[in-house]
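Got some structures for you, see below.
Two complexes come next, and they have one chain in common, chain A, joined by chain B in the first and chain C in the second.
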Partner chain A sequence: MRGSQSIVLTSKNFAFLLIAAMQEVGILQITCRTARYAGHDAWISVLLAAVFPLAGLFLINGLCSRFPRDSLARISDRVLGPVPGKAVSFAYVAYTMFNAAMAIRLFTELANSFLLAKTPGWVLALLLTLGAAYIFSRDIASIAWMTEFTYYLIQPLWIVLLAALSRADYRNLLPVGDNGLSNILLGMQGAFLSYIGAEILLVLYPFIQNKREVLRAGMLAVAWSAFFYTSLALIVTMAFGGGVVKLFVWDNLALIKTYHLPVIERAEFFVAIIYSWLALRAAAVLLYTARQTISGAAGVSEKYRRQVVAILAAGVFALALLPGNFSEVVQYTKYVGLAGVSMMLGLPSLLWTLAVIRGLRGT
Partner chain B sequence: MRRALTTLFLVLALCSGGCWDARDLANVAIATVASFDLPREEEKTKPGDRVLVAVLQPVLSEGRKELVRVIKSSGRTVGDARSDRANRSFRMVEINMVRTLLFGEALSGKGLSDTLDIVYRNPLISYHGELAVVEGRAVDVLELKTTGPPNIGERVGSLLMEIPDSNFVPLATLADFHCDQFGFGRNPVVPLISRSDVAGVQIRGLAIFKKDRMVGKVDKEAMKYLTLLRGEQARGVITFPLPDREEGEGTLMCTGHRKVEVKMDGEKAEISIEVKVTGDLVEVEEGFLNGSHEKINQVAEAAGEYIAANCREMVSRLQEEFMVDALNTGAIARAGYGRKIEKLDWDRVFSQAGIKVSARVKIRNYGAIR
Partner chain C sequence: MFRNPFRKSAQKNQTSIPVSGRLESDLANLKKALGGKGAQIVVRRFTDKYCLVYINVMVNEETVNRDVAAHLPALLRGVITPDQVPVREIRATGDLKKAAREVLMGCSALLIGELKEVYIYDTRGVPKRIPEESPTERTTRGGRSGFIEDLDTNLALIRRNLSTPQLEVDLFTLGELVVTRGAMVYVNNIADPGIVEEVRRRLKKIKGDNVLATGTIEANIEDHPWSLFPQALNTEKPNRVAANLMEGRVAVFLDGTSNVLVVPAVFPQFMQGIEDYFDRFWVGNFTRVLRFVGLVVAITLTPSYIALVTYHHELLPLELLMAVAEHRREAPFPPIVEALLMEMIIEFLREAGLRLPNPLGQTMGVVGGIILGQAIIQARIVGPLIVIVVSVSAVASFIIPNYSASLGIRLVKYPLMLLSSLFGAIGISLGIILFITHQASMRSFGVPYMSPLAPFRFRDMEDSVVVSHTWKMRRRPDSIPHQKDKRITGTPRGAGKK
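Let's turn to the complex of A and B:
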């Protein structure tokens, strides 16, 4: 990888890529997942969980600033040695594929529940995988443009969400902190899935033009996501109360189902269609980093890009079909969330510590 | 060119997902209202059936003899009834458009938990659909023959949708019922309707639930004060005696909201409810006001006293007759005192609570000419 890429990303591009990697279909469940532990204090759990991607950004920035022209495959090779280094790179690829597969599968479940009840899940998964494959086979600048475009496309959804404030009662948030610190901390695991993504910086760092702005752009992306998620949790909890929110499967869509919009009528269907972009762009960004890492670790040249894309797409499609039912999807996404936190915090900590001890630096 | 073709292929591929779900409208029966009742013996398709489900399907074809068709089925559960219906229907019944759910009084008295489970779980059913309890059997309303448009489904839908603006009838949606059924210290109330020879259906009052089970009903007059006490968004008319008059009455077109305070002393609650009513004096005895500011204040005070007295009577009924917190004061206690309140049987606490009710009326206007 070293020196093979031209510098193409601005810090703004990176912010949009990070938002795309974090905000996938799991955000439609973020409140009910956290409320199962934290009750009406779910919003506090959601807000606190933002600490993880922020810490991850600091760690990864610290590590990558020692190796400004290298991405994960090269850094792990240098710090850990060839065999353990490649093992780490392949572990990252496996995790990223699994993360992308669950993003696709979650949308498949959503579409099967709300929109296309008879369409086989594998067809939806295949179509999304093909779409994602087309996108992640491009260069990173094109993907960055796509993520920025879809970001603006999704913003009108705020209007739909804010319309639900008509049934909000602030007393559903009281007393603040009543569920106890332990439950609030446990509730954070429900938000992990929607906060993982900072690990893409391990791969994208060498592409970013102004390294000094990386941290600031990343923090802005995390802050915006935290604001978005916390607002969602606040609105949903105020509308239903903590005791009811935990009963939901798709809390965000349940909220939208509580009122009808003129012209659109059933807004939840409209929103569910728009949210397909979330799955597509998250999978595309994650798989692009997998593509770069696998090429770097296995020493595959750009000439075989299509083959690498085909292998990754086939793997993701197969992984998306792995869970037997929705309950298993929920279980797997929990594992993805925990694995993501490990990749975001554990891996850069390990590499950075070893690099410091061994006095290693990039050129 | 190749890139354009690839993009076109991907767009078409993404759209092709809908092929499996495509339906010919001619083969679909679109239901607009659903009703749920306890089945009579002759309505049961098999022994052990516990629920009768009926859906109202508007007949849209030309040359129709009837406005609607009622499709009935029975089963041990709603899902079982649905399966029974599928065995006898030559068209697939589409439930996306169901906006009104009616429940028979007898079924409501036994509890709606089992009936509503499938409704809550089904993502296709609108969460803002209106609910109502029917005096007698709900299916009887659907089977009512109307002489011309609108059909009975539209009449019921309009009645439930429009009434919050006219007569202090709260709009009870599926989402409201869900929150009241599962939220701590809350209980649902649902409009009570019955058949009427003139319009097809009419409002009779409110059905009061203890969680999912109907425990009582109040008439149209008491409904006004229950709605005001609950702080629901609704408008309506209150006619009250004028001060210093034996027979004179005034009429307020008003809306209301409330302020509630709950103080706990162990397991004993002290609840204070202030009902704040704002409205226009639309009718008053000839020559009573004479443009006097003092008189208007007297009228407001008299209206406040009248509303407070009726609200107190309603609270007494809730505490002694129904023994249920239909005012959702438990949710306010929960907000103030936290999770420890959840260990209490709140309806019992409410029934034994000391409740103070006051009402304040603000007359915004008193007419255009006089």
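Let's turn to the complex of A and C:
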């Protein structure tokens, strides 16, 4: 059995991988980002933004069900032809690297603010990149099991956040919808970063054992994330009011500071530590899909897994250092969110349409 | 005498020496095949047609005299045939090399002139100890007997625990120069044939001059030889092996060692104690959870101390912070050096205590724990807090019931200490997630090492971090592939009720 077992994922594994890819450090800022447009109606923007990953899942499932054994690299090759197909694959790799790099960089900024003020950011970025490299060098089933196990360990974190309900005043949410539909819709882009991730299905689909359950598992993962984000946005807004929330940088951590937990002197400290797991999990899952895509597109065999991992890790580290300061990081994450939505919706739509027109199907 | 399904290729390589039927020539060839200068080789002649050959220190003299030699006159008279001699096992072979190998293992060879076969009688009688409780697996409840160094006794102990016709014992031999007997044991209608075949395949691949311990087998058949964590359960308790066999696992026995390997192994299995199933429900659960808490403490307490003292002072309560600051003002070493020094002392004491005779070992513990600890604080080499931290961490690591697992777990804290000294709490957090990833990526014979925690299997949670009533465990663990899913539990819930 040593080395002979073929890697398969259950739909449950996929759900946890999707949660890990979506719930990264961006959730620390989800309310303040959306509140900049939607004010105290940020929670509506957050809830509505869940439509994007759901639509993405439908599109990707539709595309991949035509090519059940093929991953993105092969699908794009077949649908678009060798050169444009490879270009699309490499674009996906570049996007995932950028997304992972921003997850790492965002945590680096957080760590510099709350945990290790004197340690240079590049050292922390390197540390996290190396950690992520170790994780994404494993097989996808192992990564899925890790995300599942850590998911259960992270749950107390949400309870800590929910404890802020004692400070909440529901009147801060009123009048509902007062900021206008256009602002609420604009506010959705603030939540994009926390909802992108469904595009991993483009790569993971062939690994999933029971294809019929993919959509249901994905929807459950999105529904859970949407529920969590919306609750968070509601609590933060109820605690501070829409006018104040938009001024925050790390709204969740500000929320924890509003109350005192017995025994735990500085709850936000522990929460900040746990966020390192979120960053690593997200980066590792995304980079695993990048690893698979680059191997598929460039025809690199599993024998050169370590070299591929090293190249991706080096690239991610370089990209993580790209933003010069925190405001640039925020700007870059906005781009990542938009790129993610186009990868999640645009790419599968294009490939699916062309596949249908050309009558292409997988074996 | 012993079925040897694993070593056909090895045997092919050895040239055979056929029995010629000429007694003197066959005897000379047998002696040659036995090697050495013939010391300890006993040749007993019965007329010029028969002679019995054995090694005096390897046989049970009483068996040889009473069961074999005493019946040879009857054999000479033709009253009985050679295969009617009343010993445990009889086999005939036409190859003197094979006969020599059996003699080396304690059998007696009967050479008969004009017959082109040698009769091998099982007269083995190597001194063996009484099956007593293993010092590393002491229990307060349940069976006390432990395996010994004799394969047959160990197989008898397992048969006593599992007297079922479904118990399958596959005997084999390992080693090219020194041949050691072993056995692969499983329950036929429970163990997954795929796992059984895989264990057999891996055992077959083991090559070496000699295989003296199950540790060698373990190193050869495990999936991740570079990992810190054992991937086979190493136990000396027959009831533990029996319970594992009933869950679909396979046990590997080896003559000359009292440790039995059980595969596939999963990490939570190393946290299970035998008493957990016999104690009161709440007591068993408390102990089980305590072990997992102990695991976390053993791994993270010392690194947390380093992180707190080096980077995150603000998390310490003010009084404690003042005390720590007071010590740190005079401390000659940074926290990581302090911690490493203390951890090393603990490791020295543990290793020394292990090698010394029992009373001396206990003295070593007292001297190390109290006198040395006190002296080191008074000399201001380290602070009192680190002594407490390291001691608690060491005690917590001893809670883990499996010795080889506790050794691996103890070593995990060293890289964590280094990470915490460099990156504080982030270092610990990173180290833990890498530890989890490493464990999640391991397999033992195809079974995820972290199951039933990762992948999470709700059904198997009844015997993982918590332990349920045995009467509630109606199905075998999902994590271990098996054939017969339903267990026959003794009584339904409430059998004691009217």
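Here, the second predicted complex is superposed on the first by the 356 of 363 C-alpha atoms of A that agree within 3 Å, B and C clash if a C-alpha of one lies under 4 Å from a C-alpha of the other, contacts with A are read in each partner's own complex, and residues count from 1 in each chain.
Quick note on the criterion: a residue touches a chain if its C-beta (ideal position, glycine included) is under 8 Å from a C-beta of that chain, and two chains touch if they have at least 3 such contacts.
These numbers come from a predicted model, not from an experiment.
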Worksheet item: Thinking of the overlay built on chain A, is A:Val244 touched by chain B (first), by chain C (second), by both, or by neither?
Response: first
Worksheet item: With the two structures laid over each other on chain A, which partner does A:Leu174 touch: chain B (first), chain C (second), both, or neither?
Response: first
Fill in: Partner chain(s) touched by A:Ile273 [first = chain B, second = chain C, both, neither]
second
Practice prompt. Name the contact category of A:Glu148: first (chain B only), second (chain C only), both, or neither.
Written response: second
Fill in: Partner chain in contact with A:Leu127 - chain B first, chain C second, else both or neither
both
Worksheet entry | Interface residues of chain A shared between complexes with chain B and chain C | 111, 115-116, 119, 124, 127, 131, 134, 266, 276
Response to the item:
In the complex, the residues of chain B that touch chain A are 6, 10, 13-14, 16-21, 96, 123-124, 126-128, 173, 175, 178-179, 182-184, 331-332, 335-339
Item to complete: Using the touch definition up top, name the residues of chain C that touch chain A in the complex.
Response: 194, 198, 202, 223, 311-312, 314-315, 317, 423-430, 433-434, 436-437, 440-441, 443, 445-446, 448, 450, 453-456
Item to complete: Could you please specify the touching residues of chain A with respect to chain B in the complex?
Response: 39, 111, 113-120, 123-124, 127, 130-131, 134, 167, 171-172, 174-175, 178-179, 240-241, 243-244, 247, 250, 253-254, 257-260, 266, 268, 276
Discussion item. Help me check something: in the complex, which residues belonging to chain A touch chain C?
Written reply: 1-2, 5, 10, 12-13, 111, 115-116, 119, 124, 127-128, 131, 134-135, 138-139, 141-146, 148-150, 152, 265-266, 269, 273-274, 276-277, 280-281
